[in-house]
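I've put the structures underneath this note.
Next come two complexes built around chain A: one with chain B, the other with chain C.
Let's turn to the complex of A and B:
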């Protein structure tokens, strides 16, 4: 049946492929933090165990062990013990299975740092901020960068001579360093924009004008620090892509026919855009990494800030929850772009049918 | 050789190489004229630049110029080591996959595609946060190299697979040259310029990755790098205190080094790919 539905087959194979990648990501996410062989319960116990007597400390430790799924539990929730009374440790493969089952349910466990708080709750409050900051910024930076790059390739001359080195310089600036410079200049020296936070201190997030305007005001600096670097690095890719396209026969032919410049530019843009779209998907991971650090610079209340505090406090469940979520978002974005390209690019379409 | 001469005639290449040489001088020759001391407290915290301490002091009162020079050395070291690892693994994988084709190619392509989609920065965070002790510069470079080789593998593979139809490779095969002989002596030389460009980009991205991972506090424990300097200045309120000398030079140096590599890369692209010239 799939033979006659190339599009469906394309979507299915891509889905399968991304599912495989997802499994790989979950596996990495589970095993990498356990490389250091540091036991989260030990870390937690050094923090809360001080001042407790042996028995209370042991009870506490067993409660934690149970909570983090490190020991075997029978049907009633009581600990299984060996003959000398020690709790039975769960083998690592079983922990891994539990972890996957929990992740699929959207449960990332309990945070160490804010102990009884669930990781998923922390992420839930942080995620909208990250999404609101990064999604429009990356897309806008990408679009503006592409338009500038195409223009630079087409016009050449002085426009290109200025824009190209400038973009190259911008793409060499680390996101966060640029953010620091912006904070220093605009928030500390000129005091035009706030230096940190997502909204003014006294406000409570909600749907009202005061909060909204404060959020927009705080949005400006982090937005520009990502947007400008992003636009610069995209412009470079688009420029070389367009120069390549300019040398192709169809452009020469179109010029020979005397087709209007705007029309040629449109064709050029459309054809050079597709590789750029793939590029966007592929570099999304790197961008989000950079943008996460920007959040840290601005103490923006998103995932980046959550990761930073988690790292400083050895809060492994929170680190893992955030990293997994980011990975899943990147995978989803890649998947969407892949499917879009399948529909947009005539060459990919032909490839599906051609087999 | 002719290509090399062409490169030397390209102004942008000279500019990039010049920038790079300047930073090299700053890292390795400058210490002969300026006493480097990253331990002694020579003054108050965040002292502004003065005649005796050109870039003032950091939050501990340590001379900033010494820290910057040491940091630059570490960053270059990490960049080069990560670049060598990433380009080495990537090139080997790439030419092998591109030359062999078949199931070997499928597997390597699959692995590369798999790891390209998973954000390497995230993997970097996961590994670094679990390795608390002994997070040395070399280890960080190793981790960066091992998470970014996929990019080199992918681009080298595409180039290598376009070469396999060449006659001299068929001849070598008839002569009984083994796979690795062909890879090393008959394919790699043709890709050398390309691999070198990939190498340069990998160094640049290695320096940026190190700065990023150090910035969030997962950098080397035992040494100063440009990233850890930024992290320290951020942690110790350099921004609020208006101590620009604590972060502007470090941020500027990262940018200059990476920019130099980018310029070298694009100028080489222009020489190797005549289409870009005009």
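Let's turn to the complex of A and C:
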């Protein structure tokens, strides 16, 4: 039946592959943090163990191991011990089963380092900031970059001569380095924009003008630090794609036929757009992890810092929660592009049909 | 960016819609992001001349304000006394315990008697009594995994009785801490009295009952709505970006200590930033008034109105020692001569200038700070006689006399080090957590000095988790131990470096003496060390002096660790852009404890807004 529905068949095969990738990613998310030699309780103990002697620290550590399910307990909740008195560690396959069972229930567990906070609560409060910082920036950067790139390719002349080297320079600058330059110049030397934070220190978020204007004011530098670099690199890609398409036979043929310029441009743009679309999906997918450094430079609220401290502290549940979120975003973004491209570019569907 | 997309471009109109949609979207997102705040205070702003901004005391999101949690957020953590208060407070200037909830204390050979201040009240108006103190400390008996349980290692019993003041005839309640004679350590008990906050029995006990006396369940309660506190401030609101405290106008201490005056700031706000640099910039821009962060080259910030306790070097009061712990179970560190040669090969002056920005006084070879309250125990003659200071020639001489030879290439780079039998000595590593830049600098300076003296060492920078694990189980050559700073220093420092009272073999975790110095089952075990560590806390001041001196001489002779540089117990920087009259060396009405720790809290009543 699927033979007669190439589009459906295309979507189904893609879905299957994405599902397999997802399973792989979930497994890796679980095992990778556990490959290291230290576990989160060790790191927790440096905080809580300070000033305690060896015996007291050991008792405390066992209480934590038990709390986080890293050691085996019997029916009464007492620790099982080996013959030399050490607690029995829960085997890793058992931890994995617990993890999968909890994931299926939608429970990502309790963070070790942010005890007693739930991982889902941490993500819920931080995610909107990351999203608000990254999503508009990426979309706008992409749009502006593509329009400028296409214009440069089509108009050539002085416009291209100025824009191209400038974009090349911008795309080569890492956005965090650019961010630091912005902070130094605008926030520290000239003091016209705030250097850090999502809104002024003396405010509590709420539905009012003071908060909004403060939030917008604080948004400026982080926004431009990503936007300008993003637009620059998109412009470069779009420019070269357009130049390539301008030289193709179908454009020459269309010109020879005397088709209106607008129509030619439409074809041109549609074809040059395809790789750019993939690029957009990838940056959208990576936006959660990608904001990490920007958030740190501007001390901007968001998920970046949570991810960083989780990784430094080997906070398994929080790492798992964040990486799962990133995985889902990357996969969803890619899947959407795959499907979109399938619709936009008939060649892809044709390829699936086996010619 | 002057170019507008033209109408003919297919995505042009889409772009326009999007450009218009973005601000709307952004605002919506921000709103969603901020929904977690308490609705009562939404959109509120705080008058600058009534608000004190504090920084560097809370890193990362606040998770819980439960006073019995292992890591509550600012200001419930540590000996921060804004919300909850301990019996006594510590003053880092004079090393004394000063009154808080208790108005006095006396130490005898068997018991520490603490007299409660009968004026103390909880924020809900209930009297704060000896019963609350007893309840708090007995939680350590009820729950083995409460941190306060550690007190019972040192205390055998706690009772309450009443006493009559002979002069005024006023009766007061007294809490008696009986010293556990097997540990016999009144110093530690005094540490506890200033460390543990007293909690309200009438507010805590019902919650414990509701949790069926399950302590791990209880620890999940966050106590962030209208907590019952005894301190001058209480929690107003908090988010992942800041913690806001509001003054408790009924605070009992206003009458008891300050003739009815209120602390000056009505609000205290602690913004939560993501790195030291942010606090530093904020302080220079006047967005933060007080900070407890490492800011290098602080003398350059004076023109930005940022100051410290001293207006010249060392700027801060040195309070602890950063040192290399040497693993004496590893060859060739098992040889005392190698350890001493290492100590002679490190350029301490460079470390002081380059790694800690000069915030230290000149390093002395012993384990006692030659500065401030510890200076009374320091003996310069002993240091000169037994200690090793920076002297590259001496380092080479010690090695040569012990039979070690080092082979250098033509450029003077060390190739190999050989021991007296002619065998090659394995390369040793000095570990530091990656990214702890001040420690990394110390390690680099030490490696440079040691290699040019002919000792084969290299830098070993490790992920912090692994570093700490290796440190505790003794899997390292040379590393910097993480030492807790308590009022019982320098005793606690000697215990942390030299005690083998809690001996564990290599491979098992040991919280103190990770270098495994003075193995109790070895032939050359020196029982004097442990007995001195055991006996010092219960000695009189004069006896203490002699005992510390003896212990310090053993330390310098055996060199189980190498003191590198001194570090302030806490940093204290302030900006005079919005508030003035901060305590300083010239105006020392309160110790430099960031206006909220120990006795430093008294400064909150004395600072003034610049607008006044």
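Heads up, the rule we're going with is that the second predicted complex is superposed on the first by the 280 of 355 C-alpha atoms of A that agree within 3 Å, B and C clash if a C-alpha of one lies under 4 Å from a C-alpha of the other, contacts with A are read in each partner's own complex, and residues count from 1 in each chain.
Just so we're on the same page, contacts are C-beta pairs under 8 Å (C-beta built on N, C-alpha and C of every residue); 3 or more make two chains touch, one makes a residue touch a chain.
In this text, all values refer to a predicted model and were calculated from it rather than measured experimentally.
By the touch criterion defined above, A:328 reaches neither chain B nor chain C. After overlaying the two complexes on the shared chain, residue contacts for A:211 are found with chain C alone; chain B is out of touch. Touch criterion met: A:143 reaches chain C, while chain B stays clear of it. Using the contact criterion defined above for the overlaid structures, shared-chain residue A:128 touches chain C, although it does not reach chain B. Legend: residue contacts after superposition of the two complexes on their common chain; A:195 is shown touching both chain B and chain C. When the two complexes are overlaid on their common chain A, residue A:312 makes contact with chain B and with chain C alike. In the superposed model, A:172 makes contact with chain B only, not with chain C. Once the two complexes are laid over each other on the shared chain, residue contacts for A:184 go to chain B alone; chain C is not touched.
By the touch criterion defined above, A:262 reaches chain C but does not reach chain B. More residues of chain A lie in touch with C than with the remaining chain of the pair chain B and chain C. 36, 38, 188, 195, 296, 312, 314 are the residues of chain A that lie in the contact sets of both chain B and chain C, per the superposition on chain A. On chain C, the positions that touch chain A within their shared complex are 1, 3, 5, 8-12, 15, 18-19, 22-23, 25-27, 29-34, 36-37, 41-46, 48, 51, 53, 60-61, 63-64, 69-71, 144-145, 147, 149-150, 153, 191, 216, 219-220, 222, 237, 239-242, 244, 269, 271, 273-275, 278, 281-282, 285, 287-288, 463-466, 468-469, 472, 482, 484, 486, 492, 502, 504, 509-512. Here chain A touches chain C in the complex through residues 36-39, 42-43, 46-61, 63, 67, 113-117, 122, 124-129, 131-132, 135-136, 139-140, 143-144, 146-148, 150-151, 159, 187-188, 191, 195-208, 210-212, 215-216, 219, 262, 265-266, 269-270, 295-296, 299, 301, 305-306, 309, 312-314, going by the rule given at the top. Of all the residues in chain A, the ones that touch chain B in their complex are 17-18, 20-21, 24-25, 28-29, 32-36, 38, 156, 165, 168-169, 171-174, 176-178, 180-181, 183-184, 188-189, 195, 236, 240, 243-244, 247, 282, 284-286, 288-290, 292-293, 296-297, 307-308, 311-312, 314, 316, 319-320, 323, 326-327, 330-331, 334.
On chain B, the positions that touch chain A within their shared complex are 113-114, 116-123, 125-127, 129-132, 204, 208, 211-212, 215-218, 230, 234, 239-240, 242, 244, 247-248, 250-251, 254-256, 258-259, 262-263, 266, 269, 275-276, 278.
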